[in-house]
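Each of the next two complexes has subunit A plus one more chain, namely subunit B in the first and subunit C in the second.
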Partner chain A sequence: MAFVSSGYNPDKPMEDRISDIGPRFYKEFLPPVLEKNYGKWVSHEILEPGLLVHEAESGDKVYTVRVGSARLISTELIREACAVAKQYCDGYLRWTTRNNIEFMTTSLESAKALKADLNSRKFDKGSYKFPVGGTGASVSNIVHTQGWIHCHTPATDASGTVKIIMDELFEEFTNMRMPAIVRVAVACCLNMCGACHCSDLAVVGFHRKPPIIDHEYLDNMCEIPLAIASCPTGALKPGKTELEGGKKVNTILVNNDRCMYCGNCYTMCPSLPLSDKEGDGVIIMVGGKVSNRISMPKFSKVAVAFIPNEPPRWPTLAKVCKKIIEVYAAEANKYERLGDWAERIGWESFFKKTELEFTHHLIDDFRDPAYFTWRQSTNFKF
Partner chain B sequence: MATIEFKGKTFEVDEDGFLQRFEDWNPDWVDYVKESEGIKELSEEHNKVIEFLQDYYKKNGIAPMVRILSKVTGFKLKHIYELFPSGPGKGACKMAGLPKPTGCV
Partner chain C sequence: MAKHPTPLLDQLESGPWPSFVSDLKHAAEVRHKNPKGIELQIPEDVIDDLLGLLEMSYEDGTTHWKHGGIVGVFGYGGGVIGRYCDQPEKFPGVAHFHTVRVAQPSGLFYKAEYMEELCDLWDFRGSGMTNMHGSTGDIIWLGTTTPQLEEIFYELTHKHNQDLGGSGSNLRTPACCIGMSRCEFACMDAQHICHTFTNEYQDMLHRPQFPYKFKFKFDGCPNGCVASIARSDFSIIGTWKDDIKIDQAAVKAYVGGEIPPNAGAHAGRDWGKFDIQKEVIDLCPTKCMKYEGGKLTIETAECYRCMHCINVMPKALRVGDERGASILLGAKAPILDGAQMSSLLVPFIPCEDPYDEIKEVVELVWDWWMEEGKNRERLGETIKRLGFQKLLEVTNIKPMAQHVREPRTNPYIFWKEDEVPGGWSRDINEYRKLHQR
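Up next is the complex of A and B:
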């Protein structure tokens, strides 16, 4: 397409430049019933999966229909959500912190009609566009990252793995039959953008090979001291090497015995790439939570050291995720988050019941605090 | 990788217009880049920032932290943006010939 100017003048880039205006004030977008009863809510109830009602002091009620979304969506799908909001909700809608979409109405009839309408909308290939659910003790949306769509450091894909896990657990999105909420998160590398370190079930992309060193370009592309300082295990040191033509260059040397493939050095230095088709895959972590309901917030813990990448449907990953959720759902007490359950029955029982293999990879060996993760007690079950 | 010809000199640059090799830098590079970084005329202050970045990089192998840049040049961050509208990284470091900033930028 030919160039179409927005009015910006590249010869005078600072002229008519607007900056530091921040986001729009959220109250500009509040449905009138929310604006009127703001801060005056007395109770709420989950009527059925994906349908909530809030009652205010004034007696006003607002019904909320929550639907799943792929997070990565086209303007076309956003427009369709807007059209739905226009038809049922006076043009108002909102997104949740787990990237679900919520539509709000003031009558139960229109909420029910809205729910039926949303559940009837499908893509050409058959997937639901706006599946209703994600409330109560369910598996709501998966908080996830960029993967092979956009990032340069991933060890797995995000949108792909999320789609297969949600397909596998779809019944749990549209029902509320878990002992408590199950939060699932996916991050495509150990940077863990998002919530993997504090979710009930988490999938994290993982490498298994040290970086390759591009000696020829390294000193030009990288600030060498930054790369050295980026390594958590001190596996890197500055060095010199001779290129094929005999030219001596400054570079970085990797001690492979100390490297645990975190990829931090590649983040800082483009000449240390490490992604690898066979080496890369995912780990599964379990038992994290952020709320302080009954027990304090917890970090998730590594339960499966490696599952290979199997695009496009990651069957092994899907199976293992489902198994963990099923055993938890069958065994845990009401209100017990996955981590609460595992801690109550003991991790050795968790591994026995879920039939996950316990390998040496799961034993912490990172610095002094690793010691506190070992067992200094004779309390254990055979 | 693209090669740029300017005033009879050639510069190898990446897709963001950063020099591929610090050694390739010369004053003509600054002259060539300034336009794309929203700078009409170079002042003493521009040169002070560029010179400091280059000195620091030669001595330490890294670009200085923003606070160090401010402290040594005496220019507050606001003033650095007035000089280099794209900021100290994309603007000043690029003109000084330093490698492209990395990390979660």
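Up next is the complex of A and C:
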């Protein structure tokens, strides 16, 4: 494994240096039919699950086959997708914002062959490599974060929880029998890189224990004032403590009752870790959306305050997700998003129908916005 | 034979959804076989150790990744995120495992040959594992060592005409929906403005100068496929002002059942015959539509462009011709002060190359936020702390009813001294002439 240089000279880092050139220009990568009809598309139709057709003013048509992916993928799998694109699509392919891969062709026959080919490709242990679906009134692919595979603050895994939820809801990915689109998201901590705060169904990793203080190292590792300032609830203060052996050190003291376990202090100071096997788990949030369609965009609401981490297959989480989706699918009107359905029937009915327990943890107690979620009315349902 | 046994992860190989564990194992195998004879620049068993480390997390329920530390390429403050595992003796292959963010082309389109070139580079100098894509949109390369960073950057820029994305307190790589490439709803050229802004603001993207991260997202229409309203500090959403264009013959074809509603999105279930009254007219949030005598009419002045009717009958209805964008500011996820949705600042603005009107708003907002924002405070939090009026003031935008969902319910109105005749300085002796002590 000898070091091979591509040409960079560390002695003269500025020599021939190219920087700030940005990404490649997207039009280099547009399939010719898309470039020709850019901005001149007139309509589209979903011919069958995972197969779309778009029609342009010119009469040109492009057929798209959409497949799910795990997001965490190897160059091997990317190369296989590229080979498929070369075989059927003149080498063009794209990803969607929900981690699906799309293959486009101008012939329906070719699109159908493409769909069959993609559905036939499986890993050795049987899971699909490129399952076709994720269109229309379905559960599309889950947007998610890194989890235990690569992040330093997660309270749960993301790739694993996504795998078990999508296994559970696989039929809903390959069919279009939901009342409306169901957007699912997983974020492995409250930072929510995965946009859980506005999804129909969202899983959020969550710690439940205040940070452990690594007194011995804290003052050497961290800027104490920065870490203290990072706490949204003022739970931290500077202090001193005596280590075993009598050495006195500057450190941070935590008011445990004020901690909301957001992990922001840990991001500022690695001597304040808070992950814990029993403490960590997930929250389930429901009813958010980003579209302006029919109703306003809205935030997700907490439906289950805590489900423990149960790796590798998180059975309780899978069961609760499936239950919520099933009840929604059975009860909601056509075009009605999950949050709109819950608002129409009332949240008290939502909990009854989904058989989820309403606990004190579901009543907001965080700052001003909490007040706006309490009921100031006698209009409620028994 | 696997380097580390993974009995827990193995249970994620069953079930229909693509198994990332199967993919990782296969990738590890190919790396060992090394059929192309690549002079691997990071350990051959990097993926084995990644699996071993993840198995350990599955056993003990916590992560094994440490804080990043400072790594990157010369002259950039973003684009690379340092990552080290906390069990380097057991898993030396991932002792150093940095993330590289590669700026994505607008709309996430690729040519296979180009993608394969990137894969070659990443197999040679990295782990071969990726996220396609990260939540902000970049191509994410997971796992390389510090000595490889400059080499990766050199090769990206010199051979592939490709730059890194953003991280840290920088502008993050702007992202957009599919836009005009393949969507009939696009009211603006989302891909073009995204590409233009990405290039225009490269300095902000690569060199930290903000209080915290800053995200642009561009949605071509109010359907919001890239979630700009919820996920970006500066949300630009395509919209239009004039009449929705109606093809009455196509409306009749929907009513008659010749064209499936909602582009066939509900085909998996029998919802009964399409009923335009129930499914379109009655669901219109502003009740601005009528279907009478076989003719659909829309009272444009009452329409607030929610997209529902257009989504249901895309072959009959089209967005109007007077197109532009709305600008909304301040969305963010919950940390620290709770989640925020973007708030409307500019109801309508032209969205044509070179986008000078929009850039002017951007730069005024940045000037203010860089001056007033606290360390690690997102724009939305600064706006909340200092008030929407302040935002209007610094952007020279006139207050209008569109800015609020409803006027304020409390009368605690702040006035500026120069708004009150005579100002605030008064003479107590003059006052006492009329009021005894």
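What we mean here is this: the second predicted complex is superposed on the first by the 382 of 382 C-alpha atoms of A that agree within 3 Å, B and C clash if a C-alpha of one lies under 4 Å from a C-alpha of the other, contacts with A are read in each partner's own complex, and residues count from 1 in each chain.
By definition in this document, a residue touches a chain if its C-beta (ideal position, glycine included) is under 8 Å from a C-beta of that chain, and two chains touch if they have at least 3 such contacts.
Predicted model only: the values in this text are computed from it and were never measured.
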Partner, of subunit C and subunit B, that touches more residues belonging to subunit A: C
Which of subunit B and subunit C A:A70 touches, first, second, both or neither: second
Partner chain in contact with A:G91 - subunit B first, subunit C second, else both or neither: second
Contacts of A:I224 with subunit B and subunit C, given as first, second, both or neither: first
Partner chain(s) touched by A:T316 [first = subunit B, second = subunit C, both, neither]: neither
Contacts of A:V42 with subunit B and subunit C, given as first, second, both or neither: second
Partner chain in contact with A:P270 - subunit B first, subunit C second, else both or neither: both
First (subunit B), second (subunit C), both or neither touched by A:T106: neither
First (subunit B), second (subunit C), both or neither touched by A:S349: neither
Residues on subunit A lying within both footprints (that of subunit B and that of subunit C): 13-14, 191, 226, 270
Residue ranges of subunit B touching subunit A (in the complex, touch as defined): 20-22, 38, 57, 60-63, 85, 99-100, 102-104
For the subunit A and subunit B complex, residues of the former touching the latter: 13-14, 191, 217, 220-226, 267-270
